[in-house]
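Lettered A, B, C and D in written order, each chain numbered from 1.
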Amino acid sequence: MFDLNEYMASKSQFLMIAGPCALESKEQVESVLSECDDLKVLRSGIFKMRTNPDTFQGLGDQGIALIKELKDKFDFKFITEITDPRQVGVLNEVVDIYQVGSRNMYNYDLLKELNLMGKPVLFKRAFSATVKEWLNACDYMSDLGEEKILLCERGIRTFETSTRNTLDINSVVYIKQNTNFKVIVDPSHASGIASMVRKLSHVAMASGADGLLIECHPNPVQALSDKDQQITPKELNQIRKELQEMAPLFDKKVI
Amino acid sequence: MFDLNEYMASKSQFLMIAGPCALESKEQVESVLSECDDLKVLRSGIFKMRTNPDTFQGLGDQGIALIKELKDKFDFKFITEITDPRQVGVLNEVVDIYQVGSRNMYNYDLLKELNLMGKPVLFKRAFSATVKEWLNACDYMSDLGEEKILLCERGIRTFETSTRNTLDINSVVYIKQNTNFKVIVDPSHASGIASMVRKLSHVAMASGADGLLIECHPNPVQALSDKDQQITPKELNQIRKELQEMAPLFDKKVI
Amino acid sequence: MFDLNEYMASKSQFLMIAGPCALESKEQVESVLSECDDLKVLRSGIFKMRTNPDTFQGLGDQGIALIKELKDKFDFKFITEITDPRQVGVLNEVVDIYQVGSRNMYNYDLLKELNLMGKPVLFKRAFSATVKEWLNACDYMSDLGEEKILLCERGIRTFETSTRNTLDINSVVYIKQNTNFKVIVDPSHASGIASMVRKLSHVAMASGADGLLIECHPNPVQALSDKDQQITPKELNQIRKELQEMAPLFDKKVI
Amino acid sequence: MFDLNEYMASKSQFLMIAGPCALESKEQVESVLSECDDLKVLRSGIFKMRTNPDTFQGLGDQGIALIKELKDKFDFKFITEITDPRQVGVLNEVVDIYQVGSRNMYNYDLLKELNLMGKPVLFKRAFSATVKEWLNACDYMSDLGEEKILLCERGIRTFETSTRNTLDINSVVYIKQNTNFKVIVDPSHASGIASMVRKLSHVAMASGADGLLIECHPNPVQALSDKDQQITPKELNQIRKELQEMAPLFDKKVI
């Protein structure tokens, strides 16, 4: 059974977090949970941040009930994005790790609220935050500190347009050399291209990162959001196998 | 007496909004209100967004009481930044225009809350938001619409380091040509250099902008935040005079 | 008659340089020279820098003969881009001001060659050069110095895509405050949108710039390159009139 | 003995190119050649591109003589930067691979000259070139084509300042998926920090790159240029060993 505290304390565990961009239905999540090998932490959006308010905004309360139901059947931890400090009341029951999305990195009032909650936070870098600003923002969650914050590099905004964002792999190496924070890489948002996720996952392990956050959907073509960057459970299992082969060279163990 | 609705409906009024970065004391704000010629809208921060949580975070509730007191003595409208939807309760009494700062442009839950409030919103562009994203985010305040939203260009983040940000004057021209939104330019943040504010104010009027948001402090050297980019009331009055001379050429009237 | 040395020494002359992106035919250039009011300096490309080698690369030697012929008939100075130090031999006869394009700002061997030639150089900033690098590169033409170098801000590369480039108007204000260099603004490349050239020309004068470099074609729709950003002689004449009205406010005189 | 054509034709050879930023002395290069294990291709600058003309500009002709002398004693191929088409005459005798530096990526006249020479070209991406522009520029060397061009990703310019540049590892994965070009990664310039070169070298192999270009100096502290990013031969040898362990997992062989 997966122990989150043990992971945070370990130097060698390489954690694979995966799941659909947005929670869409029971069938969808059950597929992911049953088809992905050894999935210990499920990610999925309940309250979605969408650029356009007329697009799918997530299942909301209905999604929370669904996760509760699934937790009785499957053994997994759940991570989802919080976008408003007032959501803490409803989310806290089902959430094991709070995700702060890139658009909320500077939402200091939200960070202060999470600091009070005491649960681990996966803290995404803003599109165009410098590493220094990102680390400074962690100070708003100083009670959590390096023991409970997982930094997540998800690509930065540059002039380049062939990929959705530019994975700043330098930042991962830099942070691992200069701090004790865990760093998770999100190859799905960093590229926006499903076929690049595999190689960028290899890159993440080679960089010294502590894990991956991957968008995975049983049927990406029909996903209600981010359809171009989600991979299938089968592809995810293949990546896991390859990372398991790489892991010993980097003193890591894939979990 | 200044009528905000009239300004929003007018094509020719060029509005000068000014005030200190942060509300620091009664003396400070009284200086600004009495020394700045014809100041119709005062800007100042009560709840500050600071990169570092250990720096001055604003006067909070004490600041609200202060504004109430000053409104009895001076005739002005007040604009301040809101950083959390839960601040609406305390702020609404003294606020005439809500400011959404660049770090909260993507805070859609905050935008939805302001949409319900019905008061005008000065909506700053995020550091690295495209014009398209900025305009899309306005859809979260569709009840306010072009009649009650003032877009504020405050400089974008680029590779250039000689100035704090890069004023995207293209965006002002582009938005005025393609939408009906009002656009306010913030030369203080766009440059981060007090001595550049004057010329950038000329630029703003020449670009077709509808006004300026300028940081002005009776004694910039002693400001608790943003000391390098605040100008004095005397400098502000000089800029106002120069803009009044320019205005007829651009079918504008400085207010 | 226009005196280039007088312009370089003057603080008040605001110079309008205009002409087609590329020299295409005698008729084309004659139209520009005869229809643009008071055009003292003609710009046009003879050796074009194109991203794609299969697109129109300029008239080359034939273009040089054409300019010679036109100089007998019209009174104008000629500016064109040099892309290779070996072109000096053929270009020197017809060129009054050498243009170094943004893609050659770091071509130090070219700069050294121009330093030897002694003619004025219009020196465009590279897409992504910092102001500091731009000024440093001028040191490769130290014999020309502030007396013979015209810096040209033509827009920088950022994440924004609604305009072709981002006009860095901050850089103009900054350089005028901190150096004695002349600064010319190129609103055509800075926006890539013909309809924005007029307002950006106003902006340039308000910023303290010393002139404009504008792409102007008798029939932009049929231009062999940059068709979206060229304006007509008639539009150029209208801009000139508006700038003449603005000029006294900025202690300038449009030439 | 190393065969360059064989490397260009191979899918599995992972080439390590190393050497000092600038050729400084016979002792310096001999140290590198004798202390670096199996060094098949030496890199070093003879004509340096420096931002500031008053800094060390390279040994020039003296450097060429030195390389000739060393080629009699050691078995290696030589790669150096060409900055002016007129250098071809002196460089061609000692150069096996021409390097086009990032500041010359858009120097199309130089590319056309190299296209005529027929030797392999290591073609660095400009600071802020899009992948599309980079690939388009290769069309100026269409006679060389995928058989003789080695693309080199050396970091792009972004807003981030904690590292000198931002390694765009996405671009490596993207180009390997979409073209047949070889891609070399330059971790020295991409980070500007010697201690990051090791991890970024691992990253390069994991990304699917075909080799590395590493700045290596017998005594980095005393280097006349780029002293912060050069590693020692001993550190290089350690990286080589680690890459040899990784190689089989990626169907590669380190040469």
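The rule is simple: a contact is a pair of C-beta atoms (placed from the backbone, for glycine too) under 8 Å apart; a residue touches a chain by one contact, two chains touch by 3 or more.
Because the structure is predicted, anything quoted here is derived from the model rather than measured.
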item: Chains contacting each of chain C and chain D, listed by label; value: A, B
item: Most remote chain, CA-based centroid, reference being chain C; value: A
item: Pair sharing more residue contacts (C-beta pairs) when B-D is set against B-C; value: B-C
item: Approximate Å spacing (C-alpha centroids) for the pair chain B, chain C; value: 36
item: Between chain D and chain B, distance of the C-alpha-averaged centres to the nearest whole Å; value: 49
item: Shared-contact residues (touching 2 or more other chains) in chain D; value: 128, 157-159, 161
item: Overall pattern in which the protein chains touch one another (line/ring/star/complete/other); value: complete
item: Chain A contact footprint on chain D (complex, rising order); value: 128, 130-132, 155-156, 158-163, 165-171, 173-174, 176-177, 190-191, 193, 195-196, 199-200, 202-203, 205-208, 242, 245-246, 249-250
item: Complex interface listing, chain C residues touching chain D; value: 49-54, 83-86, 103-104, 106-110, 127-128, 133, 136-137, 139-140, 142, 157
item: Chain C partner contacts - residues on chain A that touch it in the complex; value: 128, 157-159, 161
